[in-house]
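Look for chain A in each of the two complexes below; its partner is chain B in the first and chain C in the second.
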Partner chain A sequence: MQLTLEFGGGLELLCDSVKIHNVDVDLPAETQKLTMKHLLPWVRSNLIKERPEMFIKGDTVRPGVLVLVNDCDWELSGQLDTTLEDKDVVVFISTLHGG
Partner chain B sequence: MEESHGGDKARSRLCCICNQRRPALRRPKTLQQICRECFYVVFEEEIHRVIVDNKLFKSGERIAIGASGGKDSTVLAYVMSELNRRHNYGLDLFLLSVDEGITGYRDDSLETVKRNEVQYGLPLKVVSYKDLYGWTMDEIVKMIGLKNNCTFCGVFRRQALDRGAALLKVDKLATGHNADDIAETVLLNILRGDIARLSRCTSIITGEDGPIPRCKPFKYTYEKEIVMYAYFKKLDYFSTECIYSPNAYRGFAREFIKDLERIRPRAILDIIKSGEDFRIATSTKMPEQGTCQRCGYISSQKWCKACVLLEGLNRGLPKLGIGRTRGINGDRQKDDQQIGVKNLQSKACESLDF
Partner chain C sequence: MESNGGVDESSLLLRELQSLKTSKRDIEARISVIEAQLQQIQSNQKPSSDCSNGSSDFGHELTPDMIYRYSRQLLLPSFGVQGQSNLLKSSILVIGAGGLGSPALLYLAACGVGRLGMVDHDVVELNNLHRQIIHGEAYIGRSKVESAAAACRSINSTVEVVEHREALRTSNALEIVSKYDIVVDATDNAPSRYLINDCCVLLGKPLVSGAALGLEGQLAVYNYNGGPCYRCLFPTPPPTSACQRCSDSGVLGVVPGVIGCLQALEAIKLASLVGESLSGRMLLFDALSARIRIVKIRGRSSQCEACGENATLTRQQFQQFDYENFTHSPLSAAPLMLKLLTPDSRISSKEYNNVIKNGSPHVLVDVRPSHHYKIVSLPKSLNIPLASLESRLPELSSELKSVQESNETPNDSDVGIYVVCRRGNDSQRAVQLLHRMGFTSAKDIVGGLESWAHDVDHRTCIIITNQKMKMNIGITKSSIIPPSETIADSHLTDLLISFDPNVMKKALADLLVSFYLMAGRLDRAESGRIVINCNGEGVLFVEAELDSSLDDLGEFTPSPKLHRLTPTVDCSGNISSYPLCFAR
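Right, the complex of A and B next:
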């Protein structure tokens, strides 16, 4: 599945300072449905190059990291349960860097 | 299965304010689901209400906005110039930046502020540590190492902003401290038993008796909303950490606040409320304010902290004024000395000092 992943607010520093990543993510074999719950560990192991604890805490994003799916706050779409579709745009922004 | 076309994944279909458009975010303060357009309105008008209700500004005043190039001050500069126009505040607004002299950090963020100067049409004044003190942060770190450098950074920055504000002849300085920052500072001051700062840090205006009062129009504004606003409006801000600020204790408090917010977003406002409602026992000794005998800056001791630190740097004794060394102010009463030393030791960079 084609997705566009965007990192901002300093999170891009964790992935070689690249802000926008066009990626192809395989659907999980069991469900054939990609959710944010599947995407986060994929991002963690494929895109994050350093200090993963700035991005992930437990099984979700670290508190203070905002997530938008197609420019909509993921708190409105069920956070980890948000289902992703082809061509979706997922944005991660840290609120923790600088003032 | 729930139908989902295009980008619409929100469970509730419509904004709970206008009932017309798709919601774009959940407000942490109210848990309302609102659309982008309604968000802009409530975000800006809430700040307007805070400004009006607390009488932060008077028509005709010159106001400096402390601008670091980061998200808070960038959004503050944008919103303040909008509100000034929309509601005819009659304010002359300026951007005021401090150049600490940190290669690869401040020089980049200053570029952001310079773009903001053009984008928002606000005149910019930059004051540098090098000009004011004869030392850049890079030079100070070379001399003292990474330990304690935030003491210098914090003390010098505070004075630098005051001096810059005096050069601009402004009546007041507005800073971008947000609700999360203030909740964090309340917590830190409790953890340190710093009662003097605890009572001061929740005030929306401070230093009214001094030459340049400071105010915090974002006192009740959540960081999440500031970042969402900057994102939706595509505001240009800089977001790299200060390379010299490995402040673990503050980071801890920050993380704790963010954990609480996730469970119950109102926690941030409640901590601020708790800070406001603290009453100080009359037996707690407050340091009395005077002026520094060397530079005239407000100080509760003979020399202000910047002068003590500077003296140490210039004499090649950079530990002067940090830790337990007896120095310039060492002839003072033991009690006072203890308070001074404790504050200085625990003082960190950025927003701790209000």
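Right, the complex of A and C next:
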């Protein structure tokens, strides 16, 4: 499945400072549908190059990271249960505090 | 010195000048307050003297002066007279007069908010000015609120400007915030964001929240019209390592400027009751790729501890809540000082200096990012940024081996490992990791390069770069001479007056015997006197060894005429990144 994954607010530093990743993710064999629950470990092992604890905590993202699926907060689409479709855009963004 | 009479006289004159300037400032501030009051009285009287029915003839409360001043926005059909009169009746509090607050305050004052409050405890510093555009050089060393208030009053004397020269804390937040209709969060740290959010929830105030770092910015309106609050979105604070500050990570000046302008815009929309606010949405700004993304965020959370259905937050609890502990980071911009290691795994910069002097075999690992390392570093240090330390451990091992061989020590456990970073936080994280990976003798240098640079008796190292060349300068001796008194205009300061004369005399004597003063922060005042540009921080005198000839300094040629050194020097302390006094 073709997805566009974007990292911002400093999270891109965890993946070699590359913000936009066009990726092809295999569907899990058992269900044939891709959810955020599957995508997070995939991102963790395929894109995150350092300090994974700055991205993942337990089975979800660490506090202070917003996840947006097609420009919409994943809380509105079922969080980890959000089902992804071909060409979806998933954004991971760390909240900023500076000023 | 024989010319002491002249020195005393100019010292007296300078002091008098200083006191006159202070009085002048006070008088000017008083004038602007009185002008504003007078304007207020006149605009209240005018309609009733012009027409017996007061202002009701116009169907609004705008005076002719206001109609003229705000005519360009009155012409807007979607804003108009109604929007303007709503705005004139509103009050807005801007918390933080920094990178975000600067443009926000300027626009809010200019557009005619009725009452404009500002909170900040900080003072203006030279390294603020690239982004905090409300402040000017003349205000360096003075209160940001004082500076911002003066700027706002000079733009619009009809706005009531209220100064809160203090940090916002749980003890004063309820009282201050309750006096305003709308709050703009223009602060720079996580605990303040939670504190301000909770205070706004308790008092039912809409919150325009902005943040910027590096080349990115974020903006949202919280606690408005049934929308979410900051805690609905971020119930748990992020780890401290994810809370970077502009002072550590850098920020391009215009980025907070863009976000601050948008904060002013959202506050104006809320105050004038026009348009659709950014509630329930968030604006994400990426300057580098020129992208603005507006995303839909969750609604109010019923579980929210501040605004949810079962939220129990009371004013009393708020006043006792420890926000610094909650977020594990300080409210003020004072740098974080972690204590992750036991004292026996740490070493002071003085102790490390002894390690060097004794020639004890060791490896010094600098764990800062490589672009920091390139600006300044200690001699013979090995740069392995913290992020890649784990994967680059073989480099450390081979360095240990080569030190062991060249010192003919029996085994590599006799070779010390010392870790340094900028302030001594990352170095502790690195030592923790090294201990886990079996390098149990690793120690970190307390306070990092900053403590090193401030410790005047020690060697440090500066790299001068200009476009073409790079030169290593090993400093053999240095001393910082602080100003003996606070000087308001610290740019061009007469060296003989601004500094403790005895310290200065001795320092100059020490230097002038064997060295020829060349340039650097030396300058010539209009009167022709030699002055030192000290930024109010003092002057650092150094003796140094170079790895290449001084002729390489490019445009500089020794002559009786003073030149500035063209290369930039960063000694990585607070002494500023200005070219320093340079001696040979």
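Things to note:
The criterion applied here is as follows: the second predicted complex is superposed on the first by the 95 of 99 C-alpha atoms of A that agree within 3 Å, B and C clash if a C-alpha of one lies under 4 Å from a C-alpha of the other, contacts with A are read in each partner's own complex, and residues count from 1 in each chain.
Everything below uses one rule, namely that a contact is a pair of C-beta atoms (placed from the backbone, for glycine too) under 8 Å apart; a residue touches a chain by one contact, two chains touch by 3 or more.
The model shown is predicted, which means the values in this text are computed figures rather than measured ones.
Once the two complexes are overlaid through chain A, chain B and chain C clash, as defined at the top of the document. Once the two complexes are laid over each other on the shared chain, residue contacts for A:77 go to chain B alone; chain C is not touched. In the superposed model, A:30 makes contact with neither chain B nor chain C.
Of the two partner chains, chain C is the only one that A:19 touches; chain B does not reach it. In the superposed pair of complexes, A:51 makes contact with chain C only, with no contact to chain B.
In the overlay built on the shared chain, the residue A:66 is in contact with chain B and with chain C. Contacts of A:86 after superposition on the shared chain: neither chain B nor chain C is touched. Across the two superposed structures, the residue set of chain A contacted by chain B and also by chain C is 8-10, 13, 62-64, 66, 68, 71-73, 75-76, 91, 93-99. On the chain B side of its complex with chain A, the touching residues are 4, 6-12, 22-26, 33, 68-73, 109, 176-178, 180-181, 223-224, 226-228, 231-232, 238-242, 254-255, 258-259, 261-262, 350-351. Within the complex formed with chain B, the residues of chain A that make contact are 8-10, 13, 62-64, 66, 68-73, 75-78, 82-83, 85, 88, 91, 93-99. Residues 8-10, 13, 19, 50-51, 53-54, 62-66, 68, 71-73, 75-76, 91, 93-99 of chain A touch chain C in their complex.
The residues of chain C lying in touch with chain A in their complex are 96, 98-101, 186-190, 193, 210-214, 216-218, 233-239, 241-246, 249, 251, 256, 259, 282, 284, 286, 289, 293-298, 387-388.
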